[in-house]
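In the two complexes that follow, chain A is the common piece, with chain B as its partner first and chain C second.
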Partner chain A sequence: MESLYIKESKSTPLVDFNAINDKLIIKGQSYPEDSFAFFKPLLEWLKEYLFGKVGQEVGIEITITYTNTSSSKCIMMILDLIESAYEKGVITRLKWICNEHNEYELECAEEFKEDYTFPFEIVLV
Partner chain B sequence: MLHLQTLKKSLEEYRVLICFSGQFSQGIVEQLCDSIKGQITEVEGIKQNPMKVISVFVEQAQNIINYNLKNLNHKNSEQLLESSIVTIGKSADGFFVTSGNIIDNKDLDDLIHKIDFLNSLMPDELKQQYKEIIRREGHVDHERGAGLGLIQMARKAKLPLEYKNYRINDELTYFQINANC
Partner chain C sequence: MRLKKGCTLGSMKRPELGKYEKIINEGTMNVIFFASFIIIVAILITGISNYTIVRNELINKLQKQDLNYILKSISAQIDGRIDKAKETSLIIADSPETIKWFADGEVDYKYEEMFIQQIKSIAETLHYTVFFGNKRTGHYWTNSKLLTDTMVKDDPADRWFFDSIASGQKITLNIDRNNELNQTNLWINTLMGDSKKPTGVAGVGVDLQDISTEFSNYKIGNTSNLWLVDSRGKISIAEDAEQSGGKLSDYLPENVYDNIMKDISHKNDKPEILSYTDKSGQVDLAFQKLKSCDWVLVFQINRSETLGLLNSIMVSTLATIAAVLVLILIIFYLVSSKIANPYKRAVQFSVELEKEIEERTAEISEKNLKIMESINYAKTIQESILPSDDILQRVFNDYFVLWRPRDIVGGDFYWLKEVANGTILVVGDCTGHGVPGALMTMAVNSILSNIIIEEEAINPVFIIQELNRKLKAALNKENSAHSNSTDDGLDAAICYCDNKGKLYFAGARINLYMLRGEQVTRYVGYKCGIGYIKSDFTSDFIEEEIAVMRGDRFYITTDGYVDQNGGSHGYSFGKSQFKEIILRSSSLSMIKQGVFFQEELDHYRGQNSQRDDITVIGFEII
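Showing the complex of A and B:
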């Protein structure tokens, strides 16, 4: 499967989904005009990719410095996909990276974490 | 001729740091976010995470953009688009974000009801509301109500969210909302 790479913009994060080394990265801020239009290809890619990874390990690294509410909904949909992949036997390891000086980022990460059972590690840097 | 100094003085009187009046676009929202970040870190003596102010600002601005998108076929759509204004300024103990736009009278009661309801909630109830609505709402931003954006404002700002409405005629009302951060 082909990797997915989207350059960071002012209102959308960097997306680096590497299908070769099984490392998926989302990094930056997210508040585009149409969040679902931005996240739709990510969701479609993840659905197909995770489906083929049963029994294998996938590393996911998320750094979100700011998100608007509609992007939060899309991020929740990504986490939902990870949760269902985890339930099907994909070994998902999520690291959510937060700036320790920014309580906003930590609050956001902790709130997402509450709703999931897959390994979800919050890393302060 | 327009007396700009009077206008500027008036903005200064209300301690407005940033103001944009006219039709918003995503590009303008992005530029203003950069500007807020710069200016809030510069204001001395006030410890405030600029992300809170940015969060409230983005939700207000995008609510207005979405409202106008939803009403592109409204017979007064031009008037709605041009009516938008957003201001960010200094309050006694932090910052305020106040925005206004013209809305259709038929949307007024629902909007007021939503804000009053959020103002009556405690922080953990607001969080519960947020989690409930984020699961329920559809994908297309401008087809939604202002629900999630308002909850986010209520969660990030100091309650209550304040509002005022000025009736223009039988069809339209000018609505403004203020959040203190």
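Showing the complex of A and C:
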């Protein structure tokens, strides 16, 4: 499967889904006008990718410095996909990286973490 | 909408180049002029150097070769003829029979007959005039007129005879010029027998007129002159018959003439060359003394004549320049227009683009203007659903409102309804901002009105639950088929303030802050938003009941304020800092606190743009 790479922009995060070394990275702020349009290809890619990863380990690294409401909905969809993959036997290892000086990042991470059961590690840097 | 003509550049009408045309033409012309200038300079340099070289060569050749050659060949010819005539004269003058016959007084009639036959034959064969003069008898014999005369010492015409005898020289030369007959004769006067006691004078006369014809063969151009001059400076033979018999001094400057005459006296028979300038310009002159006599040949030619060839070089150079110039102009025009053409096309292209952009910009501005008008009107509508200051003033003891949509309209709103025993205040933040957000606020607004009136609800938890249900229904969220489409909703804080000093609060992702004295208390809203697919307000969703004390201040803010990025690291403003500024401004009046909040945020934001719609409401109930 081909990797997915989207360069960071002013209102969208860097997306680096590497299908070769199984490392998925989302990093930056997300507040596009049409969040769903931005996240749709990510969701489709993930769905297909995670489907073929049962029994294998997948490293996920997320850093969100800011997200608008609609983007956080989309991020939740991603986390939902991870949750269901985890339930199906994909060994997901999520590191949510937060800047300890940015109150927002930690609040955001904690809010997301509450809803999920898969391994969700908040790393303060 | 006006459809844009979908067309390639090729099919477009070429626009006028206007200001660019001049630049292009100037560029082309500059190239042409510059190139022409260089080539003309090159041709001129070549031409001038050729001219100089050829000129020097020509003058050199004329002086060293041509003039020498002409003089040598003519002098050799004349010398040859004179020498031959001298030989003939010597032979006939020294004939012993004739000397004896003359000395005897021409008495032997037999010999006379023979003598006459002899001189006739010589004259005919050698084209001479043969003459004999007898000293004893004074008889003058010639081949044409026999015994023509008897010479007398006093007759000037016979003077040559007596002069010859008196000179004692074996041979003397004598020229006589007959202008009427256009004849110049050279007479070789030879003393017969012993020079000291000559019997008479004999000799031949040579017609030199044919030499003057010969002269014309050596003439170069129209202004050259060839003269044969005797030792007294008289022109004996000239190519131009009118000059014959004239004086050489009439035709030459004095110093040049003197120079020639001086040279003759030195008996130098090598050609001499000199140049001088007279009124007709530079003149080259060569002269040579004849070997056979004291005569001198003078050849004179104007420099301009010599350089006549150069004129043709000059003319041809100029013609070449003219031709090359024309050719260059044509070639360079073609070449440079080929060179300039891509440039021209590029300029044309950019002009076309510029025009197109202008058109589009105008189109966009027009559309933009319409959209702005439309949005500005939408803003007045959105503002009209917000509670007016009058109501707020009536309901609250004191208050401030910051309502700052990121765009002109937005997803943030606040809503107020007076009910039987109190007031319901709602602060909401719908997903999205701008027009989509504003549309949501309108929908939420109408659902809220609906709930409060139809259900007569005052309980914030119930209102939120109802709002959640009705919004989902309105946005088709119950239909799983649409689950993959957008998922919109809102965050909200709802307060019910009754007339008995109680405030009931329920929030969906929006908190309520209370300032009491120097203490800020945060009442955290429920973790999920309203109207989203997954929104579910379960039994743990309860409301806060607050017994309000005099001076208690309440603050509700949407995330636009606390999430605004700024500061030195670009982090969000944050909830803790929000609490801090409430405390820091607690001594200010509500209205001033509102201004302070605004200033604090603007200061924090700095150059960053506003991220989201911002709404902050502060109020005092009692």
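The working rule: the second predicted complex is superposed on the first by the 125 of 125 C-alpha atoms of A that agree within 3 Å, B and C clash if a C-alpha of one lies under 4 Å from a C-alpha of the other, contacts with A are read in each partner's own complex, and residues count from 1 in each chain.
Going forward, a contact is a pair of C-beta atoms (placed from the backbone, for glycine too) under 8 Å apart; a residue touches a chain by one contact, two chains touch by 3 or more.
Small disclaimer: the values here were computed from a predicted structure and weren't measured.
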**OP:** Check chain A with both chain B and chain C modelled on it and let me know: fit or clash.
**Re:** clash
**OP:** Applying the touch criterion given at the start, work out whether A:N99 contacts chain B, chain C, both or neither, answering first, second, both or neither.
**Re:** second
**OP:** Check the residue A:P32 against both partner chains and state whether it touches chain B (first), chain C (second), both, or neither.
**Re:** first
**OP:** Show which residues of chain A both chain B and chain C reach, each in its own complex.
**Re:** 31, 33, 36, 65-66, 68-70, 73, 76, 102-104, 111
Original post:
Which of the residues in chain C end up touching chain A in this complex?
Top reply: 429, 431-432, 434, 485-488, 491, 527, 529, 532, 534, 559, 562-563, 565, 569-572, 574-577, 611-612
Original post:
Touching chain C in the complex: which residues of chain A?
Top reply: 29, 31, 33, 36, 65-66, 68-70, 73, 76, 99, 101-104, 107, 111, 114
Subject >> chain B-facing residues of chain A, complex >> reply: 10-11, 31-36, 65-66, 68-70, 72-73, 76, 102-105, 111, 115
Original post:
Residues of chain B touching chain A in their complex?
Top reply: 26, 29-30, 33-34, 49, 51-52, 54-55, 58-59, 62, 65, 127, 131, 134-135, 137, 139-141, 148-149, 151-152
